[in-house]
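Presented below are the structures under discussion, each in the form of structure tokens.
Look at the two complexes coming up: chain A is in both, with chain B in one and chain C in the other.
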Partner chain A sequence: MSESLHQAFDLGLFWEYRKVLIAGLAVNFYVFAAAAVVALGIGLGAALLRVNRLPVFRWLGTLHVEIFRNAPEYIMVVWVHFVLPLLLGYLIRTRLEFNPFVSSVIGLGLVYSGYFAETFRAGIENIPIAHIEAGRSLGMSERAIFWRIVLPQVVRRMLPESVNQFISLFKATTIVSLIAVPDLMYDVTMITQQEMRPLPLYTGAALTYFVVILAASSVLRALSERWRAKIYA
Partner chain B sequence: MTAPTIRVVDLHKRFGALEVLKGVSFDVERGKVVSMIGASGSGKSTLLRCINHLETPSSGDVLIGGESICFRPGRNGERSPRPLSEINRIRRDLGIVFQQFNLWPHMTVVGNVIEAPRRVLGLARKEALALGAACLARVHLADKATQYPARLSGGQQQRVAIARALAMQPKVMLFDEPTSSLDPELTEEVLGVMRELAADGTTMIVVTHEMGFARDVSDRVMFLHNGLIEEEGAPEALFGAPKSERLRQFISKHVR
Partner chain C sequence: MGNWKHLVWDQREVLLSGIAVTAQVCAIAFAVAVVVGLLLCLLRMYARPLRPIVIVVIEFFRATPILVQLLWVAYVWPALFGWPNTFFAAAWLALAVQSSGYLAETFRGAIEAIPKGQREAAYSAGMSPVQVFWRIVLPQAALSASPSIVNQFTVIVKSSTLVSVITVPDLMYQSQKIVNIWYEPIEILTATAALYIVLVFAVSAAGKHVSDVLRRRYAITAA
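== the complex of A and B ==
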């Protein structure tokens, strides 16, 4: 029995296809990086809306967060890929088609912008007003105070929480395989159809993701702890 | 006749239903040191925060070097509230030191000191660093320039805060209970720096519980009670021969 189990689990097959699979993993990273940039940018914008003086802006920010935090990643990616080009094409009267890579980045970026908006908002609201008053007393403009005093502290304070969300985002990039973006999962699925040996391939993929995420999160946590300890004794 | 460095005119400040300042007026001439004493809740901090417009007065005016920080002159003598950009311009002439130091933890000591000169006055990095070194030397902390505030003692942090305010070369230095958060051993190092500033001819308004400092260093002392100046005058007169009963009680409670 252990003979056939050993045969079934032959990870050598996974190793054989390593070039293709590494290229697939790289696609996961590209999608992750691009979606992270989108999510951080839009998330920061939404957070600023949420803490604005005017109630209408606060309402817009809350609307954004509630819509995108409560949307499953897969639904959002599929919707952006299949529905949004139809809608936009209708508006400008041409036939539009989105590159699946672009759809994934936009879909994932929007969903995670909801999470990052809340992270940023919590960070901004926790900066002591005293630091801001010190800046005002020195004649600094509100913009200078935000970029030089508030935002740098928000980034440092929210780094541990953000690491968790980056990990979720990286894990979520596997769903892009379902709209034919050639990431690791997609490659594994294609190869399985040819080789008809799902065990080593899917197990190898799972192990790969696990190792990458564990390594990255350990390094990021260690770095962020050292960075914070230097400043907040 | 030159305008007084600071002129406060009939200042009122109300927070909701509570009126904290009920009509305070006084002048501070250049080079003079004015101490404000009084019980908690008498309005001393609020008065200081109105002077640099961290709080907006409910009515009345504050003039810095003859220029109102609350209102801008309009046509036909009409006044309108000052926009933030002009308030910030006038704030450069007012340095303030807070009770809780309020240093920025993510910047080094010298980073804290030169941030405003760089962003607000547009100083280049080299000049700003030279200015920072000079200000830190004035508070006897030149060797701590590259440290982060979290590593410094309370007295050292407060001296950095003084250096940060001095770096903008303000006309007036405002102190809001600068030693109230410090252990008694650390109070003297900060008071020492303040004494040196006074001797150098700095115009200062100091809200304080340190009666010794108020008596020895001030040109004038104001006793605030319930949002009004109950009594004011030279320190010898106020401490030696207080006229009001409340002041007498206050002094007996606070002077050891």
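== the complex of A and C ==
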């Protein structure tokens, strides 16, 4: 017990491999950033479908949200990695293979687009109709109204909730190690297999993520509060 | 269509056994998470000397990714605490650990939202602190937190796909095994994804229904 306790908190081994591990953590951030862009783009598209006048579009938007909000991240990433290239390959009649990084970005991006769509929609529906009417009466085009009146307010309103979703997305990036994207967890697993000492490595990984995520969420929350306060003032 | 029959329908027994394992893991994890979450919440709120430690524990549970926790519980805890000794136990324990952190904060929010006057009324009616908690505070808190509790259960179901990584034979594990036998991923992975989506959808719809019915029946703290 005390021997293993000592080993678990002797993070020397974790420190020895710090270069590889930092590179791994950087991969987590790359996947996160790319998936966030995909999720925000598709999420905005789906939210616009959900508030469309035509029922068909609304129905499609709802379908998108229900599928991706209820899909576990792991199965989506695996599905995008192993099935989507085959299906697309049949369509264009060539052999297609995704690199694991691309699969993870698409998979995680799709799952989180479902969550972001709902956040965007709530934000859009919260805009008083008078703002849009005022824009129209000034002769603005529908597109100008969306980009200059609706979207800026939506973004501010959805900040607090999207911070939570960004944090979940960052946590979900650890899953990409399972399709061999060389992130921090992947490196830890590989080094564990060489060194046969899981205790310090897994403990170190858990502590690293804990510190990074706690710090990121506190900073993001403070920033989003300040930005909101500044703009509403 | 032949592939669908051969790869999915003919494998239904294996897939069903996987679903059964998924259901077991999730049910145990959820039950444990509710109890531990409530315990953590009470310690945080009422055990003043322990508060800093409990806050760190809750934040640690909440801020570490589930995959990391799963591997940590599965490979580090046995050496550290001599338990869990099977991967099945490690699976539900890891899922419970993470959810208990979230539930502790959910419970705390719900308990803090109960008007102070209710507690004072109960005390002035001569109830003991334990009675006040069990009869006045907890039922209302549980009711107002029920949507978040249900949501946490769907999170457990989604995260449970990862227990296949430590070779617990859940639905994900069985489906990947079938892929590795036949090298035909399209049908079986699509079917598995659809199964999970339907499963999570059904769980959240059922949970929402139950919590709506409860809230309407007892009609307190509708906010």
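The working rule: the second predicted complex is superposed on the first by the 226 of 233 C-alpha atoms of A that agree within 3 Å, B and C clash if a C-alpha of one lies under 4 Å from a C-alpha of the other, contacts with A are read in each partner's own complex, and residues count from 1 in each chain.
Please note the rule applied: a contact is a pair of C-beta atoms (placed from the backbone, for glycine too) under 8 Å apart; a residue touches a chain by one contact, two chains touch by 3 or more.
Nothing here was measured: the structure is a model prediction, and the numbers come from that model.
S.K.: Is A:Tyr209 touching the first partner chain B, the second partner chain C, both, or neither of them?
M.R.: It touches chain C, and chain B stays clear.
S.K.: Tell me which partner A:Val78 touches in the superposition: chain B (first), chain C (second), both or neither.
M.R.: Only chain C is touched by A:Val78; chain B is not.
S.K.: For A:Val163, using the defined touch cut-off, is the partner it touches chain B, chain C, both, or neither? Pick first, second, both or neither.
M.R.: Neither partner.
S.K.: If you stack the two complexes on chain A, which partner ends up touching A:Val20: first (chain B), second (chain C), both, or neither?
M.R.: Neither: A:Val20 stays clear of chain B and chain C.
S.K.: Just to be sure I read the superposition right, which of the two partners does A:Leu220 touch: chain B = first, chain C = second, or both, or neither?
M.R.: neither
S.K.: Could you say whether A:Met190 touches chain B, chain C, both of them, or neither, answering first, second, both or neither?
M.R.: So A:Met190 meets neither chain B nor chain C here.
S.K.: Examine A:Ser177 and indicate which partner it touches, taking first as chain B and second as chain C; both and neither are also allowed.
M.R.: second
S.K.: Which of the two partners, first being chain B and second being chain C, lies in contact with A:Leu138: first, second, both, or neither?
M.R.: Touch status of A:Leu138: first partner only.
S.K.: Which chain, chain B or chain C, ends up touching more residues of chain A in the combined arrangement?
M.R.: C
S.K.: On chain A, which stretch or stretches are contacted by chain B in one complex as well as by chain C in the other?
M.R.: Common to the two interfaces on chain A: nothing.
S.K.: For chain C, which residues count as touching chain A in their complex?
M.R.: 59-60, 63-69, 71-72, 75-76, 79-80, 82, 154, 157-162, 165, 172, 176, 179, 185-186, 189-190, 192-193, 196-197, 200-201, 204
S.K.: Mind pulling up the chain A residues that touch chain C in the complex?
M.R.: So the residues of chain A in touch with chain C come to 1, 4-5, 7-8, 66-67, 70-76, 78-79, 82-83, 86-87, 171-175, 177-178, 185, 189, 192, 198-199, 202-203, 205-206, 209-210, 213-214, 217.
S.K.: Could you please specify the touching residues of chain B with respect to chain A in the complex?
M.R.: 52, 54, 84-85, 88-89, 91-92, 94-96, 98, 100, 102-106, 115-116, 119-120, 148, 150-151, 164-165, 168
S.K.: If we count contacts the way the header does, which residues on chain A are in touch with chain B in the complex?
M.R.: 128, 130-131, 133-142, 144, 148-149, 152-153, 156, 230-233
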